[in-house]
Amino acid sequence: MTFSTNPWIWVAAILTLSIFSFLYKENAVYRFAEHLFVGISAGYGVAIIWNNMLIPNLFDPLLKDHNFWVLIPAVLGLLYFFRFVPKLGYLILIPMAFLLGAGNGLSLAPVIQADIIKQMQSTIGDATSMTGGGWNMIWGIVAFIGVLCTLSFFFFSREHKGPLKVSASIGIWFIMIGFGASFGNTVMARVSLLIGRVQFLMTEWIHIIK
Amino acid sequence: MRQKIPGLLLVLFWASLCLALPAQQIPVTAEPAAAAIAPVQAVKAFDTPNDKGRSITVTWQASSDEAKGLVAGYEVQRSESSQEGFADIGYVPFGFSSYTDQELPANGKDYYYRVRAEGLKGEEAYSQVSGAAQAREQWFNTMRANALFGTVLFILIVIYFISKAKKGHHLFIRKIAGLAAVDEAVGRATEMGRPILFVPGIASISDIPTIAALNILAEVSKRTAEYDTPIIVPNRDPVVYTVAQEIVKESYNQIGRPDAFNHDSVFYLTDNQMGFASGVDGIIAREKPATNFFLGYFAAEALIIAETGATTGAIQIAGTDQVTQLPFFITACDYTLMGEELYAASAYLSRQPMLLGTLKGQDWSKALIGLLMVVGVVLSFINPALRTFILKLLEVG
Amino acid sequence: MNIWEKMSKIDRRIIYLMVGLAVIIPLIFPMNLPSYPSKYAIKLYNEVDKIAPNNQPLLVSADYSPSMMPELHPMFMAIARHCFAKKIRLLVTTLDPNGAALAEDALLKISKEYPDIVYGRDYVMLGYKPGFFTVIMLLGESIIKAYPKDHFGTPLAQLPMMANVRNYADIPLVITLCGSKAMDSWVIYAGTRYHAKVGYGNTAVASADYYPWLQSGQLVGQLNGLKGASEYEYLNEKNGYTKAPKTASKGMDAVAIVHLLIMAFIIIGNIGFFALRSKSKQQGGN
Amino acid sequence: MKRQIPLMIVLFLGILLTVQFFIPSNSSTVFYQTVIQWYLIITGFTIILAVGSLVNHHNLKIRRRKEHWWNSIATITGVVVMALLGILGKIEGLGWMMDLYRKLFKYVQAPMDSAMFAILAFYMASASYRAFRARSKEALLLLISGFIVMLGVVPFGAYLWRAIPDISEWILMVPNMASKRGILLGVGLGSAATALKIILGIERSWLGGGGK
């Protein structure tokens, strides 16, 4: 058993173990690693935003192409700093309004297209595909009923009683079976990640396994 | 078929960008053409549909030698005259029978096209020249007609129920367990003298689950202001951070306790997903909040923070529209708002008539969707042609 | 606290410790648990196996980055060993900028295990080319146009293996190893448009998304996460193609043990739960 | 007035962008691209505020010598060092900064990132142990389907019964897919309604006032 001689590998290994130490309990080592992690990654984020967002979208157009239109959003962005001016604090609502208006405007129709129309198409298509013979057809119908019942669970403006109660509870059964399956299906993926870490520790840091 | 064209065009566009260059760079071996190959037939040129203009689509029937495996590809040529001056504009490999000419010099001007089939051994064959075609800019994307219909219908339904609600119709809303527990959860924190943690997800403000979470934050922070219970709101997105801070501040103003608002209670951690998770874990372990709210958009960190919260014995109320993460919230939290329940929350908590009206509109839309799907399935079983038609109606582009 | 209560309230740290051990021990001491390859893994294996030796190549696209390495890298190694052992020619591309270095590493290592395998004659590494699905389509037209030179800068024309390989028409099978998105492109462009046979290996989280394509035959076979990789290793070993250490199978032993552990904990928890409940009911009755 | 202008901006942009989705024309495309560009620029400014709040938060801790205050030094140092290295490293002649930036990313940030991710493996075990109990009919269904799918993964499952992997695939394909679609349809309506409420100014908690 030998150890790595690369100091960076040691840093990586010690930080990995510090994070894992949280599993036992919150402790000084984890606390340090966590604070460092938050700081380093926030700083990384600043560099990314500067290099990939502000330079190509603001500084390059302004300084290279002399496109002065970009000053408008720059001023809108600067309005955020009126937060620290007590009487003009409301000015930050203007850039916020821009972001909210744009964000919601960009989402409304695409959501209807992707989450509703596209889903309707797949649902109808799968329920009636009839390829692969008898059983597939039956399962197609079962899945279709499942979609309808699940949807009925989300009725809010009516009390769940009578037929709605029946369909909503069937919906909940489908949901629970689906959730259990998703959970069970994810275990392997997560364990694989842990294996990756353990392999790093045992091959690159301590040379136990080849 | 019409429906598939734009998708195909997109593909072709990228392919042509990529293909055009090497096609011209690689020197054609100077071997004389061994034998002639058949030219392509029926070359048609027309304005590319549903685009911003300056683009013409060319289609043709493959060379009859393509099936024999003799064709390498097709070079598309353009000219402003039907007689002469044709220049190469793009190359597509065999198997393709259309090409989109992008970035034309002008809209509304006549252009002519022809296609040169190229054989594997360097043979060439020119097609007939197409009819004149003009590029135009379109003002409506016909591929999105179904989405337009859906959007308009949905808006009308919602507005109808909002106006009805304004007139004071009583509107019922079923119990949503996770939301019924909010008051109890805030009360418990007050009794225990411990703070409340509210995580508004990890997405940006343009992701609608974040908006839903912030609407709930407004209601929750009003209650914490009332009971004078500290609230902790860590953020992953800088914009969401600014909005969340305003929301909490306003809630304290409304309750009449602006002095009790602590600026430092809403803060930014980092935009790194796991860095954020580690920070939230640290907060949960050290501050031991009595109640944790995890609402909004979550990804893999959902289970990390929810499971940490479960070990401290906090009451946990989670909610997300992310189907992949719901199973983990269900297992680790006391209450979970599933999918649309997250969006119903602000109506449920505030009981404002207009918000309840919207909810009613959602329910009617749901019923309509269910009905349309049943009709669609029945018709599809009756006649396969109807099935094709229905699926085409719902094709998105 | 009686035994039932203990069973329904095991300290989480004990669970963590056991999960940790269940991962570490099999990695150090391989257990060689039996393998029951799934039908899709067997299908993919057979598709590779029936490619004629010293003839048309298998195309493997290593479309993964280091974060997916634990699951997908062993698949790549196992497929490469299979090819080298059977002298099936191997052509390697990658659509992920990080994939090239990983694939190169693996090929370097494995080619040492098979001394009679020669670069350029038995395998070729085309490397990374940006453009994603445009690359997939270019390959359908002409490989030499997509990659005038290989990963090491040698013109393709100088590589004997590439002499008669023009495009998908000369490639009996395409396998993509990827996280998620690359798959759609391979199926739609290589599969549907150029009629290439496509198989794939994916990370376990993406497994459920592609069953419809497997059922409809658009994908000829699948390796699902670490499990799929270990199944391929098992089939390789069973057919005597390699005696190399089975990385994925070691990992899969760990995965299997953790699964069994979790299932055992669930059973214990439920026994405790029901025992306590029936006890409290009895007490309630008294 | 203070509230009216922001509400008008939201309404105006919301309607224009919704309409824009259906118009492919040149001017419409330019408008769309401009909005996206402006959005990115404004967002860029918020990072200053946000990181400012993080630094301030920790600065307060240091100054007030709160419990564990020394950890806050790590956070502030991390932010400053990484941001400077990443921004200045682009300048010619300061390539060593870029190298150090990459090293810090590779050996400090990335390992902690993966380690945090790997913690999930442990949490999957403890969460399922606690929650997979047959308390009710619904919980029983969750338990059974989770159990079968897990059995489908391990060789032991196929050893018990060769059909287990097929049943597991069926669960993932039929009920799992159906419930996901049903939930997604609801989510689509809920999120469309929420966007509409913000655009129309019905939901205005972001302005404060909860809709007044």
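Should a chain be cited, it is by its letter among A, B, C and D, assigned in written order, with residues numbered from 1 in that chain.
The rule we apply is simple: a residue touches a chain if its C-beta (ideal position, glycine included) is under 8 Å from a C-beta of that chain, and two chains touch if they have at least 3 such contacts.
From a predicted model like this one, the values you see are computed outputs, not experimental measurements.
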item: Intersection of contact partners for subunit A and subunit D; value: B, C
item: With subunit B removed from consideration, the chain sets that still hold together; value: one piece
item: Between the pairs C-D and A-B, the one where more C-beta pairs touch; value: A-B
item: Chain whose averaged C-alpha position falls nearest the assembly-wide average; value: A
item: Centre-to-centre distance between subunit C and subunit B (centres being mean Cα positions), rounded to whole Å; value: 30
item: Whole-Å gap separating subunit A and subunit B, where each centre is the average of the chain's CA atoms; value: 13
item: For subunit B paired with subunit D, centre-to-centre distance based on mean C-alpha positions, whole Å; value: 15
item: Set of subunit A residues in contact with two or more other chains; value: 19, 22-23, 31, 33-35, 37-42, 44-45, 80, 83, 93, 96, 99-100, 102-104, 106-112, 114, 116, 120, 123, 126, 144, 147-148, 151, 154, 175, 179-183, 185-188, 191, 193-194, 196
item: Multi-partner residues of subunit C (at least 2 other chains); value: 12, 16, 19, 23, 207-208, 212, 227, 255, 258-259, 262
item: Residue numbers of subunit D (touch at least two other chains); value: 18, 21-22, 39, 43, 46-47, 49, 51, 54, 68, 109, 112-114, 116-117, 119-122, 124, 126, 128, 130, 132, 142-143, 147, 150, 153, 172-173, 176-177, 180, 183-187, 189, 191-192, 194-196, 198, 206-207
item: Category of the chain touch graph - line, ring, star, complete, other; value: complete
item: Footprint of subunit C on subunit B - complex, ascending; value: 11, 14-15, 17-19, 22-23, 26, 69, 72-73, 93-95, 311
item: Of all residues in subunit A, those that touch subunit C in their complex; value: 23-24, 126, 131-132, 136, 181-182, 185-189, 191-196, 198-199, 202, 208-210
item: Residues of subunit D defined as touching subunit C within the complex; value: 114, 121-122, 124-126, 128-130, 132-135, 143, 147, 150-151, 153-156, 158-159, 162, 165, 169, 172-173, 176-177
item: Of subunit B, residues touching subunit D in the complex; value: 50-54, 137-141, 144, 147-148, 151, 154-155, 158, 162, 204, 206, 208-209, 211-212, 214-215, 217-219, 222, 235, 238-239, 241-243, 246-247, 249-251, 253-254, 264, 267-272, 274-275, 277-278, 286, 300, 303-304, 306-307, 310, 321, 323, 326, 328, 330-332, 338-340, 342-344, 346, 350, 352, 354-355, 358-359, 361-362, 365-366, 369
item: For the subunit B and subunit A complex, residues of the former touching the latter; value: 144, 146-148, 150-151, 154, 171-174, 176, 204-208, 211, 239, 242-243, 246, 268-272, 274-276, 278-279, 281-282, 285-286, 323-324, 326-328, 330-331, 338-341, 344, 348, 356, 359-360, 362-363, 366, 369-370, 372-374, 376-377, 380-381, 387, 390-391, 394-396
